[in-house]
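Once you scroll down, you'll see the structures, which are given as structure tokens.
One chain, subunit A, appears in both complexes that follow, with subunit B as partner in the first and subunit C in the second.
Now for the complex of A and B:
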């Protein structure tokens, strides 16, 4: 167990250092922008999966938590322009609190009712933000990113590095949860909530933990968003893409392990980036929609489950 | 009073306008083998749901080991020592049989001693229930009867003071019923208090020291198995005469 943890930590450190080294050697802004979007989806899909995959509560409101992080940052930038890490922490706190609050209000709702409530949350928040002039209201606002940042040749490379580190940290958090008593309790809740509670699992506490951590990670992913897009408006921050992708990517990759959302986000996210360039950005939802239908029907355990099955079959033949 | 492990005082449970339990009293002594019987729909499972905390009773009070547990959540009741099986099996479907037992072991029996060391203990319970060969099978690979046995095994894994078995033996062969009765008697000798809900009269009559009969949500009789067998009200309830 401990050896596994060590390896995981080493790999995480190598990936973070590696992504920094890339920025010192490569100078193509387009790649950084594309990679940023894919990595952002690694964070969102992993965050979604802590609640949706591990605990079994499907959140349709990813955009709400993401945009809360983004707009918290915008409000801070407009007031005193703090360093990025302050934006990340504050965005995470606000969205984490939002997750806690929504969890408290809605987790007595089961199944589809919870999902509808999260969808409603996104709609309501978008309306509020659209009427909040300080952060640009419905028309949006331009956000000036810092001119320079030490150790990086431009701010986009810095943002890429930050998102890479966030992706690694999110996956590590998901991994730690999954391998701990908390993760086992969440799985019991997902499988049968009533039985879980009667077997001693504090279901309300674990569900609130899941909504809080999941929301916080989504908010952290949203915090650098305004610097990334330069011009932020509610329709882009609350875009349907976030809700659909962060749900579809884990479903395609597999929802029961940390690996599923990672694989799903990297594959689907990359495919979408390629499609945006070669075809059109409208193709994104079409691609993910068709993939999602295909996987739900033919491989409900996602790519990770499919891989496991194939491997089991080959192992069976050899034996 | 104080020698009772469980005191149910005047519990009422309504579903909409329908009263599934009406002011029912139950008193189960420490170390007792207690039977709860009654026709289908008489409120037995509802009573178990109220005792275990799966449902909140509308009226009345439930005291366990001297403590009022009426308002506390189900998971805390389990940690205090109330464990129940489900009449309609509710397995953790993404887990193996062994992992199913590790949940109550980890969360109720030994709070916060995690992981591998629990597997040995889970295995012992499976061996006791003659299910050791199924340890690494997912629950989707079990028969209905095996699922019932898993229910009982999982409740045992919570290491309770009071074990409530809700028709865990339905569908079992005579020999299997005898096996499980023997296990429960042995656990009882080691100090476990047992409430048995059972339609197999042979089992519940031979096992129980005392029996309560429910009919249409009300307690209609209470006594030793002999007294129950000879009770006219009970006969009427069962035969519908």
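Now for the complex of A and C:
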């Protein structure tokens, strides 16, 4: 266990340093933009999976948490333009609180009702933001990104680095949760909530923990969004794509481990970037939708599960 | 501003809207309310019906209602196919709560994307002789584009109600909802019953789609807004009660009509989700719950 943790920490550190080194060597800005989007989906998919995959509560409202982080940042930028880490922290705090609120809903709402409530949250929040003129209302607003940042040659490279670090951190959080008693408690809730409660699992605490962490991570992922897109408006920040992607990626990768959302987000996210350039953005959504439906029907355990099955079969032949 | 006529008009408009919502929710009340199939893609099928109606209306001048009724037949078989997949992949293995939900959400998204690719994101509308006309009874104005869907919606809910309570097959559906095992012991295959019921649910969704496009222009992404509405109506009315669905739909229609009259149409959407949340918190079994 301890050795595993050491290896994981070393890999995480290497990845963060590595992504910094990339920014000193690579010039093409398109790759940074594309990589940023993929990494953002690593965070979102991992965050979704903490609640959806581990605890078994399907969240259709990823866009609500994501956009909450993004719009908290916009409101702050409009008032006193704080440094990025302040945006990340406050974005995470606000969406985390929102997650906590949603967590209390799980007391009464289970299954499909919880999912519809999260979808409702996204729709209602979008409506409120669309009527909030300070952050641009329905028409949106332009956000000026800082001209320069120390150690990086431009702001896009900096944002890429930040998102890479966030992706590593969120995967590490998911990993820590999964390997601890918290993760086992969540799995018990997923399998049978009543039985878990009877066995003494603190189900309310764990559910609140899951919704809060999941929401906070989504909010942190959304905080730099306005700097990334430069012009932010509610339709794009609350787009259904976020909900579908952050749910499809773990489903395609596999929901029960930290590896699943990571694999799903990297593969599907990269494929989407390629499809958007070579085909069209609608076709890329069609591909995601078909993959999602195809995987839930034919490969319920995702790619990680498929890989495990294949390996088991080969091992069986050898024996 | 706050005259009696104003309130009366809002009330009548709300009741008319409610009849239309009954048509939207009837199919869901059947599949979700009675059979516990969480068909979140229901609004997507409604929208699909709207676009089929739009297509034949635009190219052949077919009346939208007739188009909806005709397309209901193939829609039934689509519903049967969807339920077969759902049953074999999820229900049989007891995985419907998480993956079944995701399956329908994926289906919802797929239909939306297919509609965007085929028809584009522009608003589409249909032509019929009654759209755009209106009549008035005393001080109350009645637009035919609202009255026709109200009428068809009311008929649809009534027919479904009679079907469920008076025919053998309808009673079998109610039987499956109450005790699936007992139905099985009586020599009826509950899966076959559920398949037929789900097919009927999708068929009514397509009819409701033709009503949706009569009421106003549609674009592919408005299905999302209707998820809240149809689920609010089914839950408010009480799962599995057709009378409840009708009453719930009328309540939602009136509530939305008053909200948009007094606070502006952009807040009307919050009403359905508000009703849904309050209802789930206070009385989850709904008004006419089983």
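Keep in mind that, in the parts below, the second predicted complex is superposed on the first by the 317 of 319 C-alpha atoms of A that agree within 3 Å, B and C clash if a C-alpha of one lies under 4 Å from a C-alpha of the other, contacts with A are read in each partner's own complex, and residues count from 1 in each chain.
By our rule, a residue touches a chain if its C-beta (ideal position, glycine included) is under 8 Å from a C-beta of that chain, and two chains touch if they have at least 3 such contacts.
Nothing here was measured: the structure is a model prediction, and the numbers come from that model.
Contact with neither subunit B nor subunit C is seen for A:97 once the two complexes are overlaid on the shared chain.
When the shared chain is aligned, subunit B comes close enough to touch A:199, but subunit C does not. In the superposition on chain A, A:187 contacts subunit B only, with no contact to subunit C.
Counting the residues of subunit A touched by each of subunit B and subunit C gives the higher count for C. In the superposition on chain A, A:271 makes contact with neither subunit B nor subunit C.
In the superposition on chain A, A:15 makes contact with neither subunit B nor subunit C. Once chain A of one complex is fitted onto chain A of the other, the partner contacts of A:297 are limited to subunit C, with no touch recorded for subunit B. Of the two partner chains placed around the shared chain by superposition, subunit C is the only one that A:58 touches, whereas subunit B remains out of contact.
When the two structures are aligned on the shared chain, A:229 is found in touch with neither subunit B nor subunit C. Residues 190 of subunit A lie in contact with subunit B in one complex and with subunit C in the other.
Note for the complex: subunit A touches subunit C at residues 52, 56, 58, 60, 108-109, 111-113, 115-117, 119-120, 123-124, 127, 130-131, 190, 240, 244, 247-248, 251, 282-283, 285-286, 288-290, 292-293, 296-298, 300.
The touching residues of subunit C, when paired with subunit A in their complex, are 32, 38, 40, 85, 89, 95, 97-99, 101-103, 105-107, 109-110, 112-114, 116-117, 221, 224-225, 227-228, 231, 235, 266-267, 269-270, 273, 276-277, 280-281, 284. For subunit B in complex with subunit A, the touching residues are 52-54, 73-76, 78-79, 83-84, 86, 90-95, 99, 102-104, 106-109, 111-112, 114-116, 154, 157-158. Residue ranges of subunit A in contact with subunit B, taken from their complex: 1, 180-181, 184-185, 187-188, 190-192, 194-204, 256.
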